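Right, one structure below, let's go through it.
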Amino acid sequence: MSSPPPDLDLIVREIAAEMRLRTDRGEAAKYIPELAGVDVNQFGLAVIDREGVVHKGGDADVPFSIQSISKVFTLTLALGLVGDRLWKRVGREPSGDPFNSIVQLEHERGIPRNPFINAGAIAVTDALLSGHQPKETLGEILRFLHFVAEDPSIRMDEAVAASEKRTGFRNFALANYMKSFGVLENPVELALGVYFHHCSIAMSCIQLAMAGRYLAYGGRNPTTGLSVISAERARRINALMLTCGHYDGSGEFAYRVGLPGKSGVGGGILAVAPGRASIAVWAPGLDRWGNSHLGRIALEHLAKRTGWSIFG
Amino acid sequence: MSSPPPDLDLIVREIAAEMRLRTDRGEAAKYIPELAGVDVNQFGLAVIDREGVVHKGGDADVPFSIQSISKVFTLTLALGLVGDRLWKRVGREPSGDPFNSIVQLEHERGIPRNPFINAGAIAVTDALLSGHQPKETLGEILRFLHFVAEDPSIRMDEAVAASEKRTGFRNFALANYMKSFGVLENPVELALGVYFHHCSIAMSCIQLAMAGRYLAYGGRNPTTGLSVISAERARRINALMLTCGHYDGSGEFAYRVGLPGKSGVGGGILAVAPGRASIAVWAPGLDRWGNSHLGRIALEHLAKRTGWSIFG
Amino acid sequence: MSSPPPDLDLIVREIAAEMRLRTDRGEAAKYIPELAGVDVNQFGLAVIDREGVVHKGGDADVPFSIQSISKVFTLTLALGLVGDRLWKRVGREPSGDPFNSIVQLEHERGIPRNPFINAGAIAVTDALLSGHQPKETLGEILRFLHFVAEDPSIRMDEAVAASEKRTGFRNFALANYMKSFGVLENPVELALGVYFHHCSIAMSCIQLAMAGRYLAYGGRNPTTGLSVISAERARRINALMLTCGHYDGSGEFAYRVGLPGKSGVGGGILAVAPGRASIAVWAPGLDRWGNSHLGRIALEHLAKRTGWSIFG
Amino acid sequence: MSSPPPDLDLIVREIAAEMRLRTDRGEAAKYIPELAGVDVNQFGLAVIDREGVVHKGGDADVPFSIQSISKVFTLTLALGLVGDRLWKRVGREPSGDPFNSIVQLEHERGIPRNPFINAGAIAVTDALLSGHQPKETLGEILRFLHFVAEDPSIRMDEAVAASEKRTGFRNFALANYMKSFGVLENPVELALGVYFHHCSIAMSCIQLAMAGRYLAYGGRNPTTGLSVISAERARRINALMLTCGHYDGSGEFAYRVGLPGKSGVGGGILAVAPGRASIAVWAPGLDRWGNSHLGRIALEHLAKRTGWSIFG
């Protein structure tokens, strides 16, 4: 179980090569031009092991729109800011509904099921904003990413954020709906402004895997040993990623891959092999649940070859 | 991470002692007299480690009605019988609904969300029955339990099965509903007859932890080395237990305990620390989701003290 | 408004002739062979005016399976038996769901929305049965029809009842579901036995229009003056037919036809022009809501030519 | 049936006197201060007969916020503007859900069930706005009311409209949700601006009964004989009021009162006795469905004493 995989570098490169050859790539997200125009033939994979060695394959240093993966980082920050009070306005259960469903909100008085569906992430963003100026909060989010990824070049993509805002009627509906139940504290426009912006952050697989290390290594940077969050909090965020990280395909991801992970419609997935690796994969084509099609398959291969599944 | 817990025997006994003292015990299931009459002051815990040593505390050898925990074993058997064809009639996603909800069935044409909600377990039982006589199938289930628990004394409780049948209108509704979509192949009465009987199986914590070893140790009996199922299948059943094993409280269980587990309304929980331990706990009082209240808390303590969470 | 239509006999014959020529006939119900085999080219219309004159067109004397139209008569009888206590277990609101939906039952603790969806009619049948033998209750229903239609030849079709029972898994699901909430008092099998039998009653348009006179004429037989039910109760049953008589197509029927009516999947519709006429139409082909396609169109024509709409 | 009631003036005054004495008044709507502050002891009733005689009782000339009753008038105007194309974006079926439910919209791809639930009325307002300036559309609505009520003093209440806008998060959610499906053509803010304003119109019972005459008399002003809309359209709007005019209490209203009607949370109800009377009642206290409690009871008494029920 705990024996290290024979040659991680080789495995990563082989998977990248295999994924390059596959023709079942899915389709890129269509709702904004910035995503619709992305070439689905790209594929990147980065794995950072306990010693901090980066194993990479394919387009691992090409930045892409991390979209919903940002929800992991805003959740981390919001828990740091308001602690367990956060759970008064967002639940911790899988939703059994698509990412943008509003039905569940009506049945449960405006409390979103978990922090990784859109409604939940908007509620988390609202908690993080709590009375500050959007700019300050966005600055805080970026500084956190610069710190955990050890890379100050990470930034938001204003064109993506503007497109999201222009077409995000469903998110406006979700936010106003929660506001009607008093679940949001800030003006809807401000909370959504921050939400659209943090979803627009662009990162490469390498940057993303660097950023995810604190979740893989008990809340710490494994190289410097510096603590980002407590080990318990890291475990709990991992649990949420496992049960809720892939919308209505979360059970499928757990069943096939067996690692906590969070996907974004940009085609990225951040995955965590606790104690072993921080992993990021990117393939822009999506499956029917809105998760990266080849990204999931690549992670399934990786977990199989390394024996990293958390389920035995 | 992989260091063995200092003294498992002590931990188990301490947890049992702590649980004895707690006054927040929840209430026993009320819908049949055989469960309603159980003394909620009982508590049992059994942990079987890699070497096959049994660590026990409290009423670990008192038999109780395993109820829905039996769904793990019938799932194992049905996968052995029909393989991945099983997934044509039952899904692998958390349901986001209570254990006996029928709403989801209407929205998804009679296909239950996962094998651990009632509808899903009935569909699995129907697959296992496939054309055989109920008695044969029940015999097969018992023989499997005798084999994995290494204990031929395990049996069904006819009084419980009869009570379940007499009051099980909701299950009759679910089964007839699936039958209307062609999801069940056998007559409703036969499938439910087997279902009510396997839910009525009585086991102690020790027997249950013995039976669960194949899930904890890559599909094998860790003592004899004999294979029960493949390692991949064991992993996948563990993944299903993690995402769906506690009905609408599955996310909460993953968040707090961090181990794959399956609960029953009799107050039992079977949990698995992959590579480390097979665990069974029993406390008859239930929480609002129908899961054992103190059972969950005991497992939370156990996972914390041992560091066994699969999430880091 | 109250001027009599110029020549009702001519209107009825013209409509029958027009309907004969139409090629958009819909499809007959498919779920049992006895209905699936009915020739969709048949069409019948019968209108009985205040003076008791029968105006008929097409196949007005061919018997067909009245199916859900029987729910009007069992509702009448159940109200006579238990009065307003009936409304403790069935509502009076349109359902907004298909005729056999179970979702609403889960959200409203087993209380069906109204007496004309399947669940509601089963609850009404259960109230009517209340402790009697099914045979007695079925005898009572038939005697009532013989009385109001002045025709002792009306009977049930055992082959249809047997087919309904053999394939009626959805109705078994609904009944068991209500039973689980305590909404049904009798054993599920007995209530459904009576339900399937009264749905199997065969009547011609003429017999049905005769039977419906008490609803059109303030609760009385307009020829003999004998009272069947109070005028207020007749009004209220008419109101229920208007709002709930055509399942999820009730609004459409009110909008286009403007008369209280009740449809059955056998292709029949009983309609009422209060103070003016009792009407029955039959065309076996159904629309997407399960209501007679040409039946509804024929009634739309009839209401337009006679000015009988209750809406002005 | 068509005999005139003995003394309408007396009946109206007696009902007003009876309602004055009742202590079960319900509570006024609470969500904006302008409604919450209204004295629930007020009661008004106005009935305008075929000859144009106004029969009034109680506070029949006190203006109140007509709220959702305005939806009848905007529906009339929108049908005049776009005709049956309107039904491409709004249905004609009772909803079976509360007035502000969003669940139905998700299940039916953003198409509201009918024009009288909030979502439906917003879609109708959007159709009416179609490309014009909000001010022009609001002017058109007011001019229509001035014309049909023969009273140019009717106006909007800016304070009410401003309060609605400030607290109308649920309506913003509904509108954005429909916009996400392309059901709304205009910017959400513009459509809602017009919606909030037409709901804020203040009218007395007398003004409202005057305005409703075209629905009672085949689309015409019965005094001048001038046509407002076709007789068929008047009938159809009446049918929609009957099946959908009281939200989730529409069946109850039809069952008890038996007249087409439309309620508003300001406590008003416009009701129509086709060919006989246009009726407006006002009592600010609401029942559990959000309809005027005493208003409904007063109309039940009126229909009983006059024999005006459309159901016989």
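We just call them A, B, C and D in the order they show up, numbering each chain from 1.
Please note the rule applied: contacts are C-beta pairs under 8 Å (C-beta built on N, C-alpha and C of every residue); 3 or more make two chains touch, one makes a residue touch a chain.
It should be emphasised that the depicted structure is a prediction, and the values quoted were computed from it without experimental measurement.
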Whole-Å distance, subunit C centre to subunit D centre, using C-alpha means?
31
Between subunit B and subunit D, what is the separation of their C-alpha centroids in Å?
56
Per the C-alpha centroid definition, the whole-Å distance linking subunit A and subunit D comes out as 48
So subunit D residues touching two or more other chains come to none
Which word fits how the chains touch one another: line, ring, star, complete or other?
ring
Every chain pair meeting the touch definition is listed as A-B, A-D, B-C, C-D
Which stretch or stretches of subunit B touch subunit C in the complex?
101-103, 105-107, 169-170, 172-177, 179-180, 188
If you look only at subunit D, which of its residues touch subunit C in the complex?
1-2, 91-97, 104, 113-114, 215-218, 231, 234-236, 238-240, 242-244, 248-252, 254-255, 258, 260, 272, 274-275, 309-312
